[in-house]
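First chain written, first letter: the chains are A, B, C and D, and each begins at residue 1.
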């Protein structure tokens, strides 16, 4: 019996061969160390994120999340749902709240679910993994697992948008959340508490359709990280991770900058700090290699 | 009669009522007190022809065409800055999504609006198999503006693609079949029903 | 403090700010026995921390002098300072009040000569200046403080300073053995005048009050403008002491906002208009004032004041709720980001100093009244039959300016008198 | 009364003993001050010290006390002996705390102290313990003028406290304008538990409750109501007012009252002055009050428009109609109540037909407080459209076209509506301003009141409300725009007519809730004044003072200065033209005393003589001593406290200064200046409060009167061949802690430059 047990919603981008498969790898490693058991929601589907709105109307989109919650309530009864992807978490929790306060929508959603032989009770709290770490596990327990402190690494905690707004982590401010910094310090690395772009939007939703606009914002995020002497950026969001990491060459080409800033997940940091291998920490998933972490991981 | 003309018929000069009845969270629009904090909080604000607070005023002023044919709502990146700062608790992000969706349904959204196209592709992609197929999404995305454009974009994105492949964060396997929900028929029936109910609500209003 | 002599015909006034003082004095001067209970070591409350009043730009201490004289002369009035009502039981016409008296460690022998303050060394934050300055641990809260008696900070007890203070006093006025006491006494009616507190500016995260030195609150700015205040009346920046000439005022900082206070605090518009005159007075044509607002609420005759300020070319009005404040790291200037809603103009304006016009919040939390009383969702006391013989006075009842608080408190005095007169009638 | 016997009580505490030669002090008191007994004490304000004094009064039959210790503002409770005359020599704040503790200063510091002892003794000698006049008995009956919500509330609240009230209402019914309302704006904010989400409604319009209020008034045994009645004449003073109540039919009854509440309310603004908004051109353009009539007529049914009785499907509200505007005939002020009133009225339509388009065109939406902002929310919840727009014109036609500038969308645009409601304001229903009229007759009155006149752009009723038979006019003085408000922030009820309190919209524009609070407060003040008058006590700001002015008829020249200059209209003239004092109208400022050229007016404990004796009994060293003397006459309300605080803050004052506190600069008699000059003072500094529009003088016009008189002092000086610089007058605020002593030190410099006075003997 694991110390913590959750119904897990991994999300599309974490699947094998998908853009944040490395996130899942490191999360699984991290959870092993913290004795967190993740029971995948069987046959989960896409949450349609926030960009689904053009094609999907309100009800179809809500129904998508309703299906996931219903599946969880059926197969992982009594277990809180945990998501690692900010978009997945947000869409699911929003759907849950919206359906919770609008009976008409709730009824319609269940009518649609019935087509797939499902029923939504909507009694399940939906959490982000960061919430679990901060509110359930806690910094002390995390610290107690650190075998290889990440000494000498200066890390900018980039929280981004959807892990932070509109729900965020309890007790944290939307404008200046501190939990990533605390986590970085807990792991023995050096945080940058007044990193001014920690909640700046990376333009995720527009990365494909409006690359110039989003890359302009990404540039600001990276510049600030360099200005604060960061060795790398850490983030809890797959969209942020991908955007901030993969477009650096294009940004360099466009603005004549020389960005080569590794962008990692908190779970990667923790896996390394907990003494696990580069592979377990999914450092091989970095497009811009996080050498300092590799050195520690060995 | 097109839905659009039907709506014009029904609501005449009262665009606010039309929005309340047909746009996601549209019944919040009346609560705006024109402080402008949303407009000032938007990271892409400078790209909006009409920022949210102005759109709310335009809705009240009955500027139907200007609002629905506007490029502005499509600038929303769902960062939720406006929502958390709004002193009147308007779910502005959702209202913007709702307006964009409504404009598109009525066929009033600006043609070739890139985000609209991408968002549609994204939806088509996920509704097909229940899960997003990033490879196919990427490819269709590059070619959304025709074959020539597509090649260019593909080349431009080549290095990134290779990097992703190398990092095993992209897989050619996805091109064939790829991830999917198992109960695909149930999934499709569910979505179909949801869509029917949604349409019903609209036509009943319309 | 000797035991309180009171009966069911006595009126208890809770809070010795301008409202409580007014209610107590009006009732006492109409011949009623009144016990006035004040948490601070002195009377006057928050108005003693104001530099000027709008709209006359006159000085609060001017009226305070009169009210203090009234208090000194009136035999019907018993004043308990450093006192808090901890319990109130009974019903209209027959209440029993329990009051906690914190030790002042200084008795009535004190002549306010100040020898104790000279003797001690330890300094702590001066709450009178909202912590912008330090004060000795033996202190007179402010130069016009009444009762005109020094106070020993509890922190001093058991320290060397305590003995030094005691030794320095020639009048045996320092009593280090004073203990916290609890007393109970009857009263027929209660006037609840616990007033307001400034909303915690740090909670307005987008404005970075807790992150940027040059973002301050309106109550702090008020102290700054006062020649007796922390900067001797000079308008300077906390970060570098540089003269602050280009000053922005942000209205509704915490008010009319579901993230903070839902209500409109009423006074903030007038307060900022008033404070803008501090700036124009100090710097003349070099003054550069920007007021960011949603609606300017200069009600009734106050419109004149608004009109006059508006006619000053050095004061700008921008109809905009500022979205966020960032900082120019080179010069420490706060940068205000937002949209001027009159015709949609985006701005990123730099200022020397930013003043947050913070809202008024009831001093007493809605759940911690020692008596069952009807409050609205903002925690202000509503007039209701259910309140029995308890009557709100001043800004415990709503966000009120001084003039209206006094007006309201005067009425509250009569409502209390009605109750005790019924008691008198019944007892013949 | 026992023969005068002076007792000097000398405190050695607070460092006085270390800084001064106490033996010398005592000798000065007994030898120069003629103190029959003198006692020293380690700590005069201690229980023992006070007992010592008490004992001395009782056993040694001392009648006039001289407390030689600290400022008269300190230890007031301890030295509060009511049965004897008390003078205080301020050696602590006045001397040792303002002078450096060094050997070279010891001599001048001692001289300073000795002088203050001489002065206090001389003052004491000229003083008598004040005794109540007994001029009027306790009359608990309150007269309330006006039967609107303010008047009825004042009457009811007074009656509930056991004070009978009589309401005089001009019209044929109680209720005033509130009776014309369909509903009122909610008086409370949303209760605990109502979330901000708009699905949970904030409070909406509620019943006016006026019928219930009228019922309570009519049924209350202690309330008498006179309808169709006005006040034909009001004479007397607090505690003994006599009012002639005249009915339309012509019959008159006379009743006596202890105090008066004037709740004469407001007159609706005349919308005929707003042709640009189509008022008068189309019957479908109505004022907010007229809309209430339509709503009442509809009585829950759909509101019909006047022109053709068609149900109103769209309505536009024009805020600030004829208000907040500099235009001729417009009201410059904001009436405060109109924003919430328009929201309320928009909800009348929504209540009937949620699809009715209701648009409120505003520039600043003013819904203050908790209840106010919640009501704004309620309006939005019901889908009232709020548009920030400036209306330029309303074009009348089949339907009305409202042309306006949309300030948010930045465009000139227009909208059509079935009905247009003009949110018009309140015009105070006050009588003629005594000073506006007086200033026509009396030159003296100009200057101070000019401001008042020029700002009186609003047309005020010339019909008197109170018909006071006062020397200074028939009605309450006005402040601005015809409102009778007091100009105090801290003391909103203090009018310039003691015992007469204004309440409700006649005082300043206000809504129902504020009017109710205001009326309750006014009733409180009236009740209090009833008791003050009966006990012969002064009202604010010298609350409790028992002294009152008397005059020597023999000396009086009937110059009328006192009757004209009294800021409170307390003094009338008798048949022969002599001043006729009304003690309970008097606020004890002494402005009359200062005005009197023949010095016949005095208070028991404050007179031309008490001050003159202080001036004369200060020791004036001869020219060659190089020790000038500077007389400072300081207002006891602001300048004197400022000097006290200067002392506490370690400021320094020239050793040549001799400061005498005065009740108000208005009480300063020119003779004090000339006598001071004649007896060899080198300079005189007068310190009073700010005058003019934003006056800070607690007696309203005192400092202004003083300034006028002093403008003539130059002639006196030149007639003595003295430099005019030797006498200066300053406006000093209580916060002028550095400045107050500095002003006196500056005079020392001046004297240093122009040399000593030649009048030393």
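One rule holds for everything that comes next: a residue touches a chain if its C-beta (ideal position, glycine included) is under 8 Å from a C-beta of that chain, and two chains touch if they have at least 3 such contacts.
Just so it is clear, the model here is predicted, and its values are computed rather than measured.
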- Task: Quick one: how many steps at least from chain A to chain C, stepping chain to touching chain?
- Result: 1
- Query: When the mean CA coordinate of each chain is compared with the mean CA coordinate of the whole protein, which chain is closest?
  - Reply: C
- Selected interface, C-D versus B-D, where C-beta contact pairs are more numerous: C-D
- If you average the Cα atoms of chain A and of chain D to get two centres, how far apart are those centres in Å? 66
- Task: Please compute the C-alpha centroid of chain A, do the same for chain B, then give the distance between them in whole Å.
- Result: 22
- Would you please write down the residue numbers of chain C that are in contact with two or more other chains? 206, 256, 258, 319, 324, 341, 344
- Message: Which positions in chain D are in touch with at least two other chains?
- Response: 196-197, 365, 388, 408-409
- Message: Two-or-more-chain contact residues of chain B, please, as numbers and ranges.
- Response: 33-34, 53-54, 81, 84, 88-89
- Between which chains does touch occur? A-B, A-C, B-C, B-D, C-D
- Residues on chain C engaged by chain A in the complex (per definition of touch): 205-206, 208, 211, 324, 326
- Note on the structure: In their shared complex, chain D is touched by residues of chain C numbered 18, 25-26, 29-31, 53, 56-67, 69-70, 72-74, 109, 111-114, 143-144, 148, 170-171, 227-228, 256, 258, 262-264, 266, 295-304, 307, 319, 341-344, 366, 375-378, 380, 382-383, 398-400, 402-404, 406-411, 413-415, 417-418, 421, 425
- Which bits of chain D are touching chain C when the two form their complex? 13-15, 43, 45-46, 70, 73-77, 80, 157-158, 160-162, 187-194, 196, 324, 332-336, 364-374, 388, 407-410, 480-481, 483, 485, 487-493, 508-510, 514, 517-521, 523-525, 527-528, 531-532, 540-541, 543-544, 637-638, 641, 645, 648-649, 689-690, 694, 696, 698, 733-735, 737-738
- Task: Spell out the residues on chain B that touch chain A in their complex, using ranges where they run on.
- Result: 24, 43-44, 47, 75-81, 83-84, 93, 97-98, 100-101, 104-105, 114-120, 122-124, 126-127, 130-132, 134, 141, 156, 159-160, 163-164, 166-171, 173-174, 179, 181-183, 186-187, 189-195, 197-198, 201
- Over in the complex, which chain A residues touch chain B? Could you list them? 12-13, 15-22, 43-46, 48-60, 62-64, 67, 108-109, 111-118, 161-162, 165-166, 174, 200-201, 203-206, 208-210, 213-214, 217, 246-247, 249-250, 284-287
